[in-house]
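When the chains are written out, they are named A, B and C in that same order, and each has its own residue count from 1.
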């Protein structure tokens, strides 16, 4: 790892003030530190945001669950309130990485990194999330731009994510056998306004499968997905799964997600 | 103690964090090495520019291939000469420790940067510019012979074209066969992945001219021999190699690597300790890989199910260079074993070993024997299916039943009872209940299959005269020294090396029983060329059969001397002295001496006040004996494994749901340790069958160069293994042991694959990843539709 | 450079560190606690697992600067007053280790499992150990050891 200056910010204001063109925010560090170790990423300043009080905490209302950006996966997984309000979300968090990763990794870090195989971005799309930042509120639909690319501007810091509580939902992950990241992850959420089907791991960025949503809006059952053809042209193809195989996994995972919705 | 589940004496240091691995050693004034590796699979080196890097902060030295040439440092060697069927010697490229003119795989060593800190070494390495002329890489095993020559003078990239067996007789068997069964197989390339990455520290004292190398080796004496005699770094008598605690090897740490040579040489050159610790990604690139065969095999079968002949053509990928045991692995460790434990009257095997622009391939757990077992067990399954016979019955029909049995290829198998372990395995696996379990799986929407695998290994490697007559550059005996200390406790020195096998416990159990001394008074010393006698290290399930036998022999010599001393002290005739439970006894009398008293007498020979311990005339003081044991034959562990898998037809996801095995390892010294060895072997073998694959893309980049892409089996990938044994003691060594370290990795890949194929009803190659299984099922459905 | 104060294995230590020092490097190089091992560079093998403020973490993916003031327990700090921790004793009893390289991380992770779940099933143990790779044991005896420790603690 190349040398850098470590700063621990105590407020959002302090953090954004420290930010520069050659800085990065550090939250759990579960992706950032390995990247720096392998010298794939180097920064002059690393600004730790974990000690900012405003970035912590879980607030549940009748409509939404707001989770502070620096909340660890383990805390989301173990939160009785989240388990009650959106069980699929706590369950998703309980299967990110491994126990040690969940003890460090955070919601904000995961979303800001926007790894195409990460789990949380699918939750954001499926649960109509609003990303709260140091500057503004961004709808999830407009947040995830491309591979490792988000709507965040330089120095903008995620402070919390507000998830809309669905009527029912489930996240099904088919893990990559090596990394255990999602080879395909399908998040199905049934809202009053309609069904969201968000898919991660399959394309360069998380996306909503509109054909499935349409079918499920008409008939919310796994059988409604029979015969849905999935366009493979945009799907990832790598040594672990061809586009064609991913398409098949999307379908089988979506069915399982629908079957397990609660 | 022999036969007891004794808790391991070595464990306490490991569970309390007090193990001492190479990377844990810090020497005063040490510098840090970082290797610059080739990013290309095949390229000419036009220029290495180190000028800028030399000025970087903290840099001590930068060495390149030119320095290797200047200092006349020799290349790495292949230690086993194979002669092609046309009588010509195998062809090998030069393998300099730092590439001089050409790089031959991604990860090949180009230069080493030595600095005050690892970080500074890495920073400086970024300033080294290497000008390459990139050439087209040869990657694929099957195509290597039809590709451009990588090396001048090595036509078709062919190292050797070797054969074993009687071709004419085998051809005749096929011409008379009722049925010929054919199979094409790929034995996937694996990365050994010992959890401790390789590491080396060189330390040179210019005043005493003493060079020390601490390294992660399974075989420190061999490392010293090679670096001294072939690389010419330092004379053997002034060179000490220490392999302290080593975190797993599985074959990948048997031989010295380029980094060992360079670190030793660099330490001498710069006059400071040089420490190098491999990072995992570099391990993936530069540790020797395993397996990588492409095979076409044919089996001649009679209508009644009797196998009459076997014909095998294999292409074995050696990677970019010929590594130390690379050439014996796909020949003598492979071809003689293709017969499995079946009575096959004739066989022929042709092996073409090819160079490609990939990491060198060498011995990995099982080395040759897993490839042989995979082939015979897959084709036996295929034959049973084609003949419409029960796969279990078909196997039994062809088992060798009389021992000793001279096989048609090489081995003379001294002992075994194959029906015994096979029948026991059928019971253990509840073969009779399979149909019911299959129906239960089907009710859950899952496809269930059952797979069989039987195997035989040639272990206890190996009789020196035999192996040297077929090309080995060294004898494969083992050494031991059993040294009584004056106070009655014992230091045992072995040339074998423990890196997880628990020798400190198992060997002490043997000595404890032989000499009647409690385990806590016995300590094992290994892994240091300055301490123990020259030894041949640990691999090929040899440590107990060969090293343990050397210890046994040394103990016998101790007893023999003890009898002379005891007889003198007890005023009896040495011939009448009996030794039992640590006591020398004159029968029919109350006269006896404990072995501790004898040891004391040997070290304090004479009379001094209370001490009265005269030695007989002509007997030297001291009580320590050295023995070298050269086995009279290989040992032949064998066994039967049965597993069941469940496949999710929607996703192709395959899980091993039950795994039962019955092995015949001869006598067991410590069944707890044996069981652990079987577990570990199974995990690696199941890993090969379902998960692991070293994948190079067409340009020779290793795509699976980290745990993000190379599927290392985790705890949740396995069921609980059921393990039992049968026992027919080996006759080739005094302990009657056969070896157990590799069995699991040898038997399990075909066992799992036969189960997968049974479940899905169509062929699939290793590793049977979820996508491959899914795709095989889809193709099967499509072709069935077409037929319909 | 920064000064940090940590409580490591019950002892207070104050050291100067570079800002980018990893906890694994710190305990190994600055405190000579070499029981914490490095087995990969992608945070997956788990050989480096230690406890920070009572929870298991991968020390190779953690800056020391980030945990100033915390309590750290490494494998060396697990046994108390010369008595093996029940998890250590169980690993020995059940032959839950061979080469010993993954063992410290495996033990530290397993101890944390029992903090989270008193009597885990085989399946739960195997799932929890997802972040710890062992190449020697095939995991079976590790699972047996964790169950034994659960019984004894």
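Here, a residue touches a chain if its C-beta (ideal position, glycine included) is under 8 Å from a C-beta of that chain, and two chains touch if they have at least 3 such contacts.
Here the structure is a predicted model, which means the values were calculated and not measured.
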Topology of the chain contact graph, where touching chains are joined (line, ring, star, complete, other): complete
Inter-chain pair with the most contacting C-beta pairs: B-C
Distance between chain centroids, defined by C-alpha means - chain A, chain C (Å): 28
Euclidean distance of C-alpha centroids - chain A vs chain B, Å: 44
Multi-chain contact sites of chain C, meaning residues that touch two or more partners: 41-42, 44, 130, 132
Per-residue multi-chain contacts in chain B, two or more chains: 281, 707-708, 712
Multi-partner residues of chain A (at least 2 other chains): 1-3, 38, 179
Chain A residues touching chain B - in the complex, by the definition given at the top: 1-3, 38-39, 174, 177-179, 239-242, 245, 248-249, 252
Complex contact set, residues of chain C against chain B: 28-29, 33-42, 44-45, 47, 74-76, 78-79, 84, 88, 91-93, 95, 97-104, 107, 122-123, 125-127, 129-130, 132-143
Touching residues (chain side chain B, partner chain A) in the complex: 119, 122-123, 281, 650-653, 691, 695, 703-704, 707-712, 769-771, 774-775
List of chain B residues in touch with chain C within their complex: 7-8, 10-21, 23-24, 26, 193-197, 245-248, 250, 277, 279-281, 499-502, 672-673, 675-676, 678-684, 706-708, 712, 714-716, 718, 720-721, 744
Interface residues, chain A side, partner chain C - complex: 1-6, 8, 26, 29-30, 33-34, 36-38, 46, 48, 50, 74, 97-101, 103-104, 179-180
